[in-house]
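Structure incoming, see below.
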Amino acid sequence: MRIEASFLEIASAYRFVFLDAYGVLKNSTGMIQGAAETLLKLGEQGSDCYVITNDASRSPGQMARSYCHPRYGELVPVEHIISSGMLASDFLASKVRPGRVAYVGKPSSAYYIESAGHTPLPVAQCADDHAIDALVLLDDEGFDWFSDINRCVNLLRRQNVPVVVANTDLSYPASETDVSIAVGSLANMIEGIIQKTFIRFGKPDTQIFDFAYDLVLTRDPLTSKKQVLMVGDTLHTDILGGNKFGIDTLLVLSGNTQERDAEVRIHATGILPNFVCASIAT
Amino acid sequence: MRIEASFLEIASAYRFVFLDAYGVLKNSTGMIQGAAETLLKLGEQGSDCYVITNDASRSPGQMARSYCHPRYGELVPVEHIISSGMLASDFLASKVRPGRVAYVGKPSSAYYIESAGHTPLPVAQCADDHAIDALVLLDDEGFDWFSDINRCVNLLRRQNVPVVVANTDLSYPASETDVSIAVGSLANMIEGIIQKTFIRFGKPDTQIFDFAYDLVLTRDPLTSKKQVLMVGDTLHTDILGGNKFGIDTLLVLSGNTQERDAEVRIHATGILPNFVCASIAT
Amino acid sequence: MRIEASFLEIASAYRFVFLDAYGVLKNSTGMIQGAAETLLKLGEQGSDCYVITNDASRSPGQMARSYCHPRYGELVPVEHIISSGMLASDFLASKVRPGRVAYVGKPSSAYYIESAGHTPLPVAQCADDHAIDALVLLDDEGFDWFSDINRCVNLLRRQNVPVVVANTDLSYPASETDVSIAVGSLANMIEGIIQKTFIRFGKPDTQIFDFAYDLVLTRDPLTSKKQVLMVGDTLHTDILGGNKFGIDTLLVLSGNTQERDAEVRIHATGILPNFVCASIAT
Amino acid sequence: MRIEASFLEIASAYRFVFLDAYGVLKNSTGMIQGAAETLLKLGEQGSDCYVITNDASRSPGQMARSYCHPRYGELVPVEHIISSGMLASDFLASKVRPGRVAYVGKPSSAYYIESAGHTPLPVAQCADDHAIDALVLLDDEGFDWFSDINRCVNLLRRQNVPVVVANTDLSYPASETDVSIAVGSLANMIEGIIQKTFIRFGKPDTQIFDFAYDLVLTRDPLTSKKQVLMVGDTLHTDILGGNKFGIDTLLVLSGNTQERDAEVRIHATGILPNFVCASIAT
């Protein structure tokens, strides 16, 4: 495994750069040092950056505001942010008849239900006889785990409705030292009890890459996949998904995969990035 | 699938009858009607009854008291109750050096740590720098799910200690209509995030049957497995485990497996009981 | 579950109809009776038909010839056939440097390696010290299972190369009464031993639907997903994938899902088609 | 992780020593150098040795003969050999009515069916309408993989009979550099297609330890588990199983777990042996 000296040199050879959020652009304390400067330089050199994130805890607009630099202003326009929540929202809009959609997650995550034209209902407010049209697992916060996860199980035993998982991650970094359990783990647990098949959105599934690539094509219909680079910190989501979608991939060592583990993990999993860099700030 | 008319007739042909607790002897509202009478009659006819239960929420003594009939008194002596918690306790006693053992569960479940000679510590009281000697998942109640399940994950990322799961069930009946998530499901979720191998105790693993059979042998060293019948309401635990242990098995339709599903499930799983009865009260 | 009387009436309301091959258009004895007539009528009524199949055993051209009716001639043009092998081929072309690609499958399946510009090498001809650039699992026939599946395992222990699975199905119908193990099951077994992450192509993954939809858009760039219907006989591939992709889905009962099981399976899995028909010949 | 200098010193403190076969006593080229001497010395010092092996390819008698040293004669008496095949045989004897039992494996593996009083029938000789009483997966050799594994799948779709897996290993060493796929992997593949629940025998399940411990108790009824040591080369079978059974465990680095990986794997899995030695010849 060779660690490339300069991320900027590699990335600027691509017309479009897809970036994961956590572990690439930011960590638990805010934006990764030097990331803002890299985004600016990539823009100056003619590479368009898009954020591709397994996150349905808040709207793309709220996400965009978190990349607003005090000096340089908005670093990623809202139209360049693609979240797994947007795919879940598309699914609701196209496949679930307008009506009540129960959800677990923070109130801000209900954006993805409202934007699909449905009425969001926190699962805590679902009485046993409430007919719902779907259940969406959006985020790991904003509800009481004991009562509301149990309530999900019993709702799904009574009503045969689609269950949407808007973030497939198992955990995410909560601080320098700790992780938090993500809603993808809760979904796996509920599915294991209920034995129904949930519908999941997010990397490594290629659907989110297709969604982003379609945006790219509306901007420049002649773009080929060879002009796109996926940058991520996680082999099983960012790199596996990017590889499967057919674009080049670059692993950064500033998040889930640390320098001391990278070579062992690449070998153990067989998930092979095209490039490895310490971080995007190089 | 033939449903036998009389449980009593079949069971009384066995010298020893092993019975699951939930769905066989009791349900969410208390003892199943007629179960007490059946226990008494089996005893009169010379069959000894043992309770074999995936339950580590309280001590065998507390369990025995729940089978105390207002008129007939104690129905199952405490020495005839074998819980998965007792196997977990044995493991702690034989394999973990005396010290602090973190746990999730109600205070009453800590019995299984204390009886092994260890000091139980609710996981909520484990500071990050607390060295522990093991973590035991005992019960789904008695702690705050959000903070304490996340705490388990982070404890196990820092310390390489044995993790014991004292009840492998995924869910259990909480009322006529609802189930509750059991600690076995929480264990699977944490293991999926941590990727370590937990040590599980409970049916269908044959270890709990061996434990009970050893008790039987101390009573009558010449007992053969042909003289033992396992009675349960769940194919994947009671019947699969009893079959694998090499004893006859009887499925009752008073709990997890209902009459309308029994034939389909037996066919779909390939788990074949020797007998099927409506309940033990027949 | 309501079984619609006329497939033709429902399908002709869609501008584009995606059809699975096995169990929908044909079975083990050839084309399903009446299927040819339905394809012709749909064409007359202005619906374009595409075949979307988890099959990498032969080229799209060979597949198209199998839908050639003695009287009506070619029923599905080769450009309307999308196989999971084509996605695997795209992956090889875009992500694997030109060179030798080992494979398991019939010689005809090697088409998907050659069309990507690589040199196919039957795994039986891979000496231990042969450097390869990828391994592709294409088909369950055309090789010696014992020696060649074992050879795959040992090749992958020595060389860290991408492994591509060009058909994710577990089994397929081989006759009226029997099934055959598909290469997807062999892939799962090898992956379980090697513990590396393989790259899989085929339904229910939405990538194959995206591939087909892109073809549709080149024909009519204004097509919306509402104008597309997916028709399949398998809940876990055709219906789940179509639902996730956001198009309407129709289950036929002429293949994997039989009328006597359909309602139970839809309920058990929670995979909900928009429509159910006996077959496409209605 | 500390590697102990002398296996003999540690093991001779135990009254009974349980040893895995492959990777501990022998490897692909025969007995491990120095293993015979260690067995002899342990015997002289009063420790009784038992072989506990996931192997159903031949009878215990044949296994015993493979430990016959040219100079010292028989190293392990046949009564001290416990194979997973013996547990499968016990299951057949106690739970399956006398009759025809189909099997996959070498003819020598059929010993375990005959010794249970059943008539073994190679699966290749099972016509479609042959009624069988059970199917046993014994060994990965002695049959045609393509036709016979497919035949197993179709047999099990037609007849609802118990399926016994007499060796749970996924693979085993075939030479210095290569592994072979074991019957446990074939069983997992078939079970994944059929979706029935197979009955598995072998480490890490504690049943085989119980079987051996019962033998020990017949020799000396006062033996405690503290006097027993399990020695193995595989964390997930030998060490996990021994730990769960409540006996001390010792990992040797002469087989599946190599010195360069041992510390990483112990940490990654959380499976903790009491001791680690280079081999038993120390």
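A, B, C and D label the chains in the order they appear, each numbered from 1.
The rule is short, and it goes like this: a residue touches a chain if its C-beta (ideal position, glycine included) is under 8 Å from a C-beta of that chain, and two chains touch if they have at least 3 such contacts.
Just so you know, these numbers come straight off a predicted model, no measurement behind them.
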Please report the smallest number of touch steps linking chain B to chain D. 1
Can you tell me which chain lies farthest from chain A, using the average of the Cα atoms as each chain's centre? D
If you average the CA atoms of chain A and of chain B, how many Å lie between those two points? 40
Between the Cα centroids of chain A and chain D the separation in whole angstrom comes to 45
So, with touch as defined above, which chain pairs make the list? A-B, A-C, B-D, C-D
Please output the residues of chain A touching chain C within their complex, sorted ascending. 90-91, 94-95, 156, 160-163, 194-199, 201, 205-207, 210, 225-226, 236, 240, 243-247, 266-272
Provide the residue numbers of chain C that touch chain D in the complex, in ascending order. 128, 144-146, 149-150, 153-154, 157-158, 170-171, 174, 177-181, 185-186, 188-189, 192-193
